[in-house]
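Please find the structures below.
One chain, subunit A, links the two complexes that follow: it is found with subunit B in the first and with subunit C in the second.
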Partner chain A sequence: MNFHLIYPEFLLTGLAFLVLTLDFFLPEDRKFLLSWVSSLGMALVIVFALLLYQQGDLYQGLLIIDGYAGFFRIFFLAIGIVITLMSRDFVQSNIGNPGEYYAILIFTVLASISLASSGELLTAYVSLEVLSFGLYVLVAYDRYNPGSNEAGVKFILLGAFSSALILYGLSQTYGLIGTTRLDEIAVLLSSVEDVSIGMLLGLVLILAGIAFKLAAVPFHMWAPDVYEGAPIPITAWLSVCSKIAIVAFAIRFFTTGIFPVVNDWQPILMVLAVLTMVGGNLLALVQKNMKRLLAYSSIGHAGYLLMGLAALVAVTDEGMFNTDFSHLVSNGLIFHMIAYGVTNFAIFYCLILVYNSTGRDDIQGLAGLSSRQPMVALVMVCSLFSLAGLPVFAGFTSKFYLFNAVASQGYLLMVGVAIVASLISLYYYLTVARYLYIEKVLDESIISVSVGSKCILGVLLIFMVVGGIFPSPLMDLIQTATDSVLKVE
Partner chain B sequence: MELIYFQLLAAILFCIGIYGVLARKSAVLILMSIELMLNAVNINLIGYAAFSSLGAAHKNLGQVLVIFIITIAAAELALAMAIILRLYRNKNNVNVDELDILKG
Partner chain C sequence: MEFLSFSNPTTLVALPILGCLILLFVPGQRPDLVRWISIIFATVVLGISIYFFIFFDHSEGGKQFVYEYEWLSLAGPWVDSQRAISMSVGIDGIAATMVLLTGIVMFTGTLVSWNINVNNKDFFILYFLLLSGVFGVFIAYDLFFFFFFYELSVLPMYLLIAKWGSSSKFSSFERTKEYSAMKLTLVLVAGSVLIWVAIIAMFVQSGVGSFHIEEIQAVMPDKFSVEFQSSVFLILMIGFGILAGLWPFHTWSPDGHVAAPTAVSMVHAGVLMKLGAFGIIRVGMTLLPEGAQIWMPLLIGLGAVNVIYGALSAMGQTDLKYVIGYSSVSHMGYVLMGLGTLSLMGLNGAVLQMFSHGVMTALFFAVVGMIYERTHTRDSLILTGLAQKMGVVAVLFTIAGLTSLGLPGLSGFAAELLIFIGIFQSYEVWGVILGSLAVIGAAITAVYILRLLSKVFFGSPEDDLSDYSDATLREKFAAGVLVGLILLVGILPFPFVKVIESGVEPILLQIVGAG
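Here is the complex of A and B:
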């Protein structure tokens, strides 16, 4: 067996257990070292992954380590390092038990990587469950906080429900199509004359499960409650890592697995995308709590991602597949996910810093931040602009790229809805910006921020700006990644 | 016996499970309904595997899927019970209708 392909994953697993073990031996006042161990460890794994990078597949195609998987492996490790550094002070002062916290974070990184590299439905399902299990624990991690308990119970009940939906879809796929490997599904589906109702049921249930996990609008009820109750770094992690991992798998699933029946799933995804974009952004207008507002904003962003997924394969009037612009769409999707991830991390980090010194996470609590801590206010307002899609920032360039790609596939109506939805979103983002800079200050207390935190904020800000005005190096990387997954003929 | 009986039994159990998730108030009963849904999936898979005409590899795949699902379902149950127990310690009941701290 060519196990050398997944040495980075082995190392990552080892790192997680190392953190768990070190937790036993470190005295209470030295536990802050664990965050350094996990972030440096992940940095080392990145180095190893780059040095040992090879392509191939394991277990007859259950895990596919291609350019796409390699790209997402580095990406998930990188955001894993950022989230570890972001949660350092928060864990120390608010929730405690750092050993398990960082170890479970590393396990979720591992699960996201294997989700992006799985080429088979059961492998994807097991990775998805490992990811979700980690997130269930982390959401309920603040044990004595009733909000965190409540969020954990809601999350695990609805998460288990949606896994059951995915599994029923998987069993129908196994029984009626006859395989669970994505490439074989494509071959068998394209040889079938017309798709039976049972296969369609399976497909629809898998789509519903994915929509549940992405918090698309008819299935979004859990998201605001869970995002509000979870510890803030975990809210950031939920809104970035789990979404990106699922979309990364969905791109592979749709383009190498079920593209022959695109006529059956595309309308469903389009309806979901439109509902999610409009619904998420409209519901965000009335929110008072910052975490809840960002939850609805991330639902709106999931709508843009669903729009990209729906436009991955275009169908011409003669019923032929048109994949001329599929590259553009998948590049746009990945670029938008990265820009959204970085921006969301920046805004959540500002929220963490405010929460650490004031204990407030409502929008009122941010009033007058520009005079209480100018740096945090600046980064926060930049990330709000980036989320809204205003020029200069990464959020604008990625939205422009994604909408442009979807439009070149010919889905102008959907792009129109997306543009209207982003206009709506501008209102509530700017409301928060007004609190930061214009609204009267009620609480004059200065928010102190350490130099290390300022460095992280600076790095995120630089990435947002550079990603916005000079995206071509990143786009080249994304292009090489999608080359290996888009082989639709 | 025919395959259709297995499919029907699985579909009916799955729907009973969905009904239970929507109608029950206690978190533990919702969890039991989810277990019912997962076992419906297992019956479906076993049925397909037993009546498979696509060769031994296809038959075995179905049984392997069932073993994976049983294992994951057990882990999920343990985790959910632990989280529900935390809720019980803090609130002294597990009624999901009374989970109303978080709302917009």
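Here is the complex of A and C:
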């Protein structure tokens, strides 16, 4: 067996256990070191992953380590480091027990990586469950806060329900065609003339499960409550990591697995995408709590991602995969996910910093932030503009690229809806900007922010701007990643 | 470094942004340092924009000062496999004129913003960001970057108006600056939504995998059917029309201009509204010539409504800024009518009117800003006899007013005359009707401007005016630059018209050729 392909994953698992073990031995006042251990550990894993990088597949194609998997491995580790650093003060002052917190975070990173590299449905399912279970625990991690507990219960009940949907869809698929490997599914599906109702049912259930996890309308009800109740770093993690991991798997699933029956599942995704874009952004208009608002905003962004997924695959008249524009769409999807991820991290980090010193996470609590902490206000307003899709930030370029790609695939009308949805979103983002810069200051207290936190903010801001004005190095990396997943024999 | 060489138009974008970055690191407690840095940058940018105007060779015409940089690759089934979005810039006759206008308004706007005390660092950062967006639109030859800069010039508006602007009270309601700012931003972005859709539609339809205007233009006759052109041109016309103040989408403009701080009103009414008209020429007429032919009668008709409606609305206002706001709507109507003629005369006039109106409105808003700073009101029912204490201000306002009503010898006359002739030439019966409407509009303008002048400046004062001082040297200088230009264009319009014509002619030839 060529286990050397997944040495980085082994190392990451070891790191998680190392953190758990250190937690036993460190005295209470030294436990802050655990965040450093985890972030430096993940940085080392990145170095190893780059040095030991090789392509191949394991267990007869259960795990595929190709350029795509390699790209997402680095990506998830990188955002893992960022979220660990972002959680540092928050965990110390608000929730405690850092050992398990960081260890579980590392496990979710691991699960996301293996989700992006799984070439088989059951492996994907197991990875998804590891990811979800980690998140269930983390959402309820603020033990003495009833909101966090409520969120945890809601999340685990609905999450289990959606997992059950996926599992049922999986068993249906396996029962009818006898394989769970994505490439074999594609071969079998393209050889049959008509797809049976049972097979369709299976696909629909899997799609519904994915929609649940992505919080697509009408499966979005859990998201605002869970986002509001969870500790803020976990809300950020939930809105970025879990979404990207699922879309990363979905890209592989659609392009190597079920593309022969694209005409059967594409309309479902298109309806979901339109509902999600419009619904998420409309519901965000009336929110008073910043976390709830961002929950709805990330539902809206999930809509753009679903739109990209819907437009990902086209088949020729002979039923062959037509990759003419799939590169453009998949590049756009990954680019938009990264831009969205960085921006969401930035805005949540601002929220964390405000919460750490004022204990408030409602929009009113942000009033006059520009005079109380100019740096945080600046980064926050930039992230708002980036989320709204205004230049010079990454959100503009990635949205333009994605929308243009989807339109190139021939869905100009859906793009029109997306553009209008993003116009709606501008209203509530500007409302928040008004609180930051214009509303009267009720609470004059200065919000103090450490130099380290400012550095993290600065780095996020730089990434946001560079992604907007100089995206071509990033795009080259994305291109090599999608090349390996879109290769057609 | 080629990127920052003097004759590279990207410096027009890069310098204001560099200014932003430098200001970002200046401590906010040193407002004077902020002012001096801003004025230095504004002066340099003005110098460069004058350079581009003077060294633009109008006998050669076409696109000059070209710079291209492959910015982002696009994977797809294009003819020559790998394509890219390119940062492609250049200046043609129209852009040269508009760049000069922007440089002047930027410079004078910086001068009149001297007295801003609240967070003037943030103000200048946003102001420069706005201007770099405006410059970018004028020089961009790639639809992606055109749109990029177009959106960039909208982005800072909300904060600029809502933070440094002023609310206005009416007898029965109050129009807050936050409301006006939100309205302006959302309406403008709604307009850019339409433009975005049209750009993507053209990209997809052309199938060359490039956003470069000239590359799309090259394949346009084969790829764009008449139906496609006519539907997309309508979308574009409305999208750009919103920014140009096209009736009935103009309502954001008076509210926004009134609420905005002086310099922002100057840029917005003076330059930003021109982006809309410029977009119709650069994108609409260049890429969709047949669509332009189909929809031009509608544009000229709506332009006539703009002229009359704006002038009548201006007559009903008492707030000085609202009067000027509505007069901008009315004057943009002339620009739209000029575009609608599709004749050399009319288009020359339209672009000259864009320039002339830009300078004139900037002067208007600057003068009203001076009055408001001293009297703290803009209500023409309260203000009377200001000329006694503020002689220079009165003279400046008079010059702007006379330009506005088209007095010969001032810039407005030359521009409007060209437009009127264009209208009469290009449509037979309708030309007479529309042309007469346009002339009537100018007459109504005379009514409200002269009435305002006599009331505000030359009435007999009831209150004690002794607190009021005349314009300071700095203000005189800023206004003097604008007045000088008005006179220059009024007396010697031909150098300007020649430059404009070298840009307009190829576009017009293409349209006539297509029909």
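General remarks:
Just so we're on the same page, the second predicted complex is superposed on the first by the 479 of 489 C-alpha atoms of A that agree within 3 Å, B and C clash if a C-alpha of one lies under 4 Å from a C-alpha of the other, contacts with A are read in each partner's own complex, and residues count from 1 in each chain.
Keep this in mind: contacts are C-beta pairs under 8 Å (C-beta built on N, C-alpha and C of every residue); 3 or more make two chains touch, one makes a residue touch a chain.
Remember, it's a predicted structure, so these values are computed and weren't measured experimentally.
Shared-chain residue A:G152: touches subunit B; no touch with subunit C.
When both complexes are overlaid on chain A, the residue A:D225 reaches subunit B alone and has no touch with subunit C.
In the superposition on chain A, A:V137 makes contact with subunit B only, not with subunit C.
Judged by the touch definition given at the top, the superposed model places A:S163 against subunit B, while subunit C stays out of reach. Once chain A of one complex is fitted onto chain A of the other, the partner contacts of A:R73 are absent, as it touches neither subunit B nor subunit C. By the touch criterion defined above, A:A433 lies against subunit C but remains apart from subunit B after alignment on the C-alpha atoms of chain A.
Remark: subunit C residues 28, 71-77, 119, 122, 133, 144, 147-149, 151-152, 154-155, 158-159, 162-163, 178, 182, 185-186, 189-190, 193, 196-197, 200-201, 203-204 touch subunit A in the complex. Within the complex formed with subunit B, the subunit A residues making contact are 122, 126, 129, 133, 136-137, 140, 143-144, 146-147, 149-154, 156-157, 160-161, 163-164, 167-168, 170-172, 174-175, 178-180, 198, 224-225, 228-229, 283, 286-289, 292.
Taken in their complex, subunit B has these residues touching subunit A: 7, 10, 14, 17, 21, 27, 30-31, 34, 37-38, 40-41, 44-45, 47-48, 54, 58, 61-62, 64-65, 68-69, 72, 75-76, 79-80, 83-84, 86-87, 90-91, 94, 96, 99, 101-104. Within the complex formed with subunit C, the residues of subunit A that make contact are 324-325, 327-328, 331, 370, 374, 381, 385, 390-392, 396-397, 400-401, 403-404, 407-408, 410, 412, 415-416, 419-420, 423, 426-427, 430, 433-434, 437-438, 471-472, 475-476, 479.
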